[in-house]
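Heads up, the next two complexes both have subunit A, just with different partners, subunit B and then subunit C.
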Partner chain A sequence: MSVIPTDIPLQASARPWSRLAGAALLALVLGFALLAPLVFPADPLRQSLRHILAAPDAASPLGYDHLGRSLTARLAAALRLSLAIAAAAVASAALLGVAAGVLAAWRGGWVDRAVSLIADAFLALPGLLLVLIVSAIVPVTPMAFWIGLTLVLWIEYFRLTRATVSRLMAAPAIEASRLLGFGPLYVFRRHLWPELAPVLLTLGAFGAATAIMMIAALGFVSVGMRPPTPELGLMMVELLPYYREAPMALLVPVLATFLTLLGLNLVAGGRRT
Partner chain B sequence: MHPVLRAILYRAAQALLVALLVGVLTFLMMQSLPGDMAFRIAAGRYGYDAVNAQAAEAVRLELGLDRPALEAFGAWFLDLMRLDFGTSVISGAPVMDEIRHQLGASLQLALAALALSLLIGPPLGILAGLRAGGWLDRALLVVSTALRSVPQFLMGLILIVLVSIQLGWLPAAGYGRAEHFILPALTLALGLAAVSARIARDAMAAVAASPHYAFGRWKGLSEWQLLRRHGLRNIGVAMVTYLGLQFAMLVEGVVVIESIFGWPGIGHALVHAIFGRDVPMVQGTALLLGLGFVALNAMIDLTARWIDPRNPDSRRQG
Partner chain C sequence: MSDLLKATAVSVRAGLSQLVEPVSLTLAAGRPVTILGETGSGKSLLAQAIIGTLPAGLRAGGQVDVEGCSLDLAHPRALRDLWGRVIAVLPQEPWLSLDPLMRARAQVAEGHALVRGLNRAEAGQAADRDLAGLGLAEASASRPDQLSGGMAQRLALAAARAGGARIVVADEPTKGLDIARRDDVIALLMREVVQGGALLTITHDLTLARRMGGELIVMLKGRVIERGPADQVLSQPRHDYTRRLVAADPASWPRRVPRQPVGKPVLRAEGLSVRRGGRRLFRDLGLDLHPGQIIGIEGPSGCGKSTLGDVLLGLCRPEQGKVIRGEGIAARRFQKLYQDPPSAFPRHLPLGRALEDLVRLHGLDRGRIGGLMARLRLDPVLLGRRPDAVSGGELQRLALLRLLLLDPVFLFADEPTSRLDLITQAEVTELLVETARETGMALLIVSHDPDLLAGAADRVIRLGDHEGSPTGADLVRDPAAQTGYRPADKPGFGTRVAAEVSGA
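So, the complex of A and B:
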């Protein structure tokens, strides 16, 4: 989307330290999500009247919610759910988007125009709306999120891949490879993939951030995951009425969401275009 | 073909495909509803007590509900193309009337948020871009990175807790008076401004580093004259092109923010329609939002061409 021809670096924020900090944050979040059940074993659904909004103790260092459930276990489960859906959606969106992008740029002509038009039609529908409609079609909520988010996220992969590949296809190296009789698979692995891979990582981090935001936002307005499933947005809306009694309990999912998204945004570096 | 004509034709094809996509998705939604459709429609007509298998069968024959799926979809799509959305399953009012009513409230909120974000974002971005690498530039980078990591619903939650509950300055929810605008509009505007400030900053830094800008300074223009004559128009294209993306962000924000602040707009209605499986309402709303996006982008194409008539095909997006 470079509008003005320029020779100064536009991605001034892609500094290595910020990427490192983002990776460290993500490792922290992921480590907590995976290790918490081992260190503090507790059922995230188990209620206990004696622990209603109780302060942190040795069994649950993050305290307890309004039904006496362990916030440590619930937060870890919520993070695992969000991260798993986000990872699955990003992976399938990348596969679909890159395949469609290579196809469109390689074949050109009417194939290119048709696929581009389909992508533009998907682009016109707000992502949240697409996820909402799919969630009304597919009965299993995590699966609905996965399909809906894939339909939202593939467009960016497609646009980027198409732009990159159509630029590269004109390069002499690829022409030489094809004249030498190498197949499409070889050309993709040898010439296209090395150019695509670093940008795909950035897109993946942004895509995961989008996915986690949408899951939490829909949970927050009660059209996402259903209670009693531990989910970041749901946890916030459940704990909001008890804000005066237990502000720290509300802060738990809020901070976890912020740190996860901050980590992803820092890893992505650069700016979103 | 004339490039402007080609751009318009492309947008028309895009609009048609958006309608088809919405048609397919809402048709699938209709098909996946549990229960017998004929029975439900009959219950809607005659009341739940008066309906029996015979009445349901009559409805099935009359409306052709036993047709194969492809034929049913053809009829469904034809209705959609005639903009005949039918009536809301929940309220019983025609979908068009409901949407017209809600759209006004949503547009008010969206325009207030957009205006607020334009007051905050681009001026800060331009100041930062004029001194790329300066303290304002670095501070703005940190703030906008942090803001982008706060989802809009979370920003709404934070503002409600801080401003309404703790300080008691503004109502947490409601509609009708001026003070009801402030919190939801500010929530949306902060998210938009975080990004538009970055766009303005990058565009401004690029222009400020360009030779023609240096030449303008060299021939004795003041900084203000320089910005007005050589800066703003060049940033304008980037900002206007970006408005399309802002619209998409705004629509997504509106869906969630309206539900949180109890704003009687299209997003609030959409969440309710999904919750109640009100297919006609979902269809009307989705089509309106999709076609609105296409129309807006068509306008942006033309506006960008008008601001900067050089190579018109280099910046088509969306």
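So, the complex of A and C:
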């Protein structure tokens, strides 16, 4: 026997707390990355033999690494680098993906097929490999990461935008607006953007998490950032041999990466119903 | 006549609010009971309470006596034993509730085998008998997608009834059907009654209620406002709402005197042929639309009614032929009114903003909005709301207002009232007709209801039956000549609606 639908709305359960917690974690990480250089000024590259694997002190509350460099300064620099690359990659991927998605869904036909084909081709390449290929071509590493990650991340934006926009284009609202004389910009602003924006935020948080993870992963296998640049994955692999003598020092980049990814995923996941 | 089911003081509440006030009814063999009401009147909830399928969060009260036992509706689980064996539900849109991959015979045999507990061979024979009884013997090896809509509906009934149920509950069985299909469904349901079953029909369709006969219960806002023998309630309604409802039925609208076309046509179509999905919908169709003229388009679903309008508006291309617009008329003065009002507005935008955007885009006179709001009897409060917070009737009038700001010369109204209640339908149609007459706007109105078109249009074009007729369109029909001119069949009612609208 089928259940007969009614017009009575049933309450969907939301999880606002997880978004709040995620945002708080991100604020914490970002605050540390930006404020640490002001509160504990130190050059992240300056080595000091007297401080090799030294315990935390007033100048560096997170201690020192195997070359006597301030871990506070290095962690802050590494977070700034990762977050900046991730933010830039997410922004450009969103721009590219949304533009391509709207174009494909709106024009349809061969434009749609061509753009979808390109997206599928990119999808066939593993993400890490794509970033590696780009970094072999582009000499500056942060720039290579930015371009590579953009190429990895834009596909999700494209597919989501294309699906959403095709659905909206089929509904009468846009046809009505066009008949009333409104142009494409208005249609984008009033019809498409309000539907896309909330999903893009979720996708952005997931995308940033992916980017940070990829940068760290490539650093960890020594094919990403070059030493002595402070970078989360590099820091982990550099401190790994000293895990017996200085376990806390190794824990610092690991914990920072974990908290950042947790924060991003909480922000993204909180939107799902 | 034996009573098959007796429901006493059935009520529905959500938390503290009472959605349906206590109602008692008796279903007897051979006498149909029909619950008539508009959307939100609680008619579906009442039926769901009786069969025990209320959605979570709603609580039923009252008692049902069936097959010698008494069941408390507050504990609907006990009712579950009756499903299939005693009570069968004919679902809305049955073709969606059939298993798309199972052959007709198996769908019915399943009920015999699993609900009644027959063995496979007996179940198969019983299914054959059921199908033969409904004229489906030929189709017993077909899948649902190979059946016509009417056959699918009969199959769904056979499957629902396979458990041996003699009480059938039909929820909006004619929703979204065209006239021919509606008649099939009515015949199908009447068959059940004649064979000694009990039938509870829930509907907003006045014609269905009239044709079913038996007892009619009219509901409004969760209360029964009138009940009695159907013909008596419908011919001599006592409650004001019932009276308005009967008056709003297109069948009782006064027939208009068709207006002769005057002036130069604003839109002319020549030799149109249209193909959709490899099938020719119509060909060689010519049409002139003069200012103030109202043309109706009628035909079964899928015959290309909407496509014709879209072709005239330039929204899709004809295979052959051309559409010529009057010279020097701005493109924005050719407009369309949609079937589903909420889907014609940006979902996230307050309605006032949408109008403001339009005023700004074309540099229109903002002051006209107030006048039109009053003219269309719309409350200015609505402008602050989003489309989903406004009723369908109000939203359709707002859509009309939005179009009127542009002084349209041609309006294509694509089933503009099919999602609205009867009374609202009468109001909106009347408004459209008046607007066409007053502003000289040519109106092309699509409907699946011939009565509505006969009451509203100067001329009706019948599209249809692409296999039967050579052009696929039976052109130029005078509604009065076709349906028999009925100047004052039901005096008072139709004119009353008109008077209400123009008096405001």
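Here is the rule we use: the second predicted complex is superposed on the first by the 255 of 273 C-alpha atoms of A that agree within 3 Å, B and C clash if a C-alpha of one lies under 4 Å from a C-alpha of the other, contacts with A are read in each partner's own complex, and residues count from 1 in each chain.
We take it that contacts are C-beta pairs under 8 Å (C-beta built on N, C-alpha and C of every residue); 3 or more make two chains touch, one makes a residue touch a chain.
These figures come from a predicted structure and were not determined experimentally.
**Q** Of the two partner chains, subunit B (first) and subunit C (second), which one does A:173 touch, if any: first, second, both, or neither?
**A** second
**Q** Is A:220 contacted by the first partner subunit B, the second partner subunit C, both or neither?
**A** In the superposition, A:220 touches subunit B alone.
**Q** Go through the superposed model and pick first if A:20 touches only subunit B, second if only subunit C, both, or neither.
**A** Neither subunit B nor subunit C is touched by A:20.
**Q** Kindly classify A:186 by the partners it touches after superposition: subunit B alone (first), subunit C alone (second), both, or neither?
**A** In the superposition, A:186 contacts subunit C only.
**Q** State whether A:194 touches subunit B only (first), subunit C only (second), both chains, or neither.
**A** second
**Q** Touch check for A:255: first (subunit B), second (subunit C), both, or neither?
**A** It touches nothing on subunit B or subunit C.
**Q** Please work out whether A:39 is in contact with subunit B alone, subunit C alone, both, or neither, and reply first, second, both or neither.
**A** The answer is neither, since A:39 touches no partner chain.
**Q** Quick one: is A:135 in contact with subunit B, with subunit C, with both, or with neither? Answer first, second, both or neither.
**A** first
**Q** Which partner, subunit B or subunit C, is in contact with more residues of subunit A?
**A** On the superposition, B touches more of the residues of subunit A.
**Q** If you lay the two complexes on top of each other, which residues of subunit A touch subunit B in one and subunit C in the other?
**A** After superposing on chain A, subunit A residues 1, 3-4, 6, 8, 10 contact both subunit B and subunit C.
**Q** Could you please specify the touching residues of subunit C with respect to subunit A in the complex?
**A** 14, 39-40, 44-45, 47-48, 51, 53, 55-58, 83-84, 89, 91-92, 97, 171, 313, 315, 331-332, 334-336, 338-340, 343-349, 354, 357-358, 361-362, 399, 402-403, 406
**Q** If you look only at subunit A, which of its residues touch subunit B in the complex?
**A** Where subunit A meets subunit B, its residues are 1, 3-4, 6, 8, 10, 12-13, 117-118, 120-130, 132-139, 209, 213, 216-217, 220-223, 233, 236, 240, 243, 254, 257-258, 261-262, 264-266, 271-272.
**Q** Which positions of subunit A touch subunit C when the two form their complex?
**A** Against subunit C, the touching part of subunit A is residues 1-4, 6-8, 10, 171-173, 175-177, 179-182, 186, 190-191, 194-195.
**Q** With touch defined as at the start, can you tell me which subunit B residues reach subunit A in the complex?
**A** Where subunit B meets subunit A, its residues are 10, 13-14, 17-18, 20-22, 25-26, 28-29, 32, 132-133, 141, 145-146, 148-154, 157-158, 161, 165, 195, 198, 202-203, 205-207, 209-210, 234, 237-238, 241, 248, 251-252, 255-256, 259-260, 270-271, 274-275, 277, 282, 285-286, 289-291, 293-294, 297, 314-315, 317-318.
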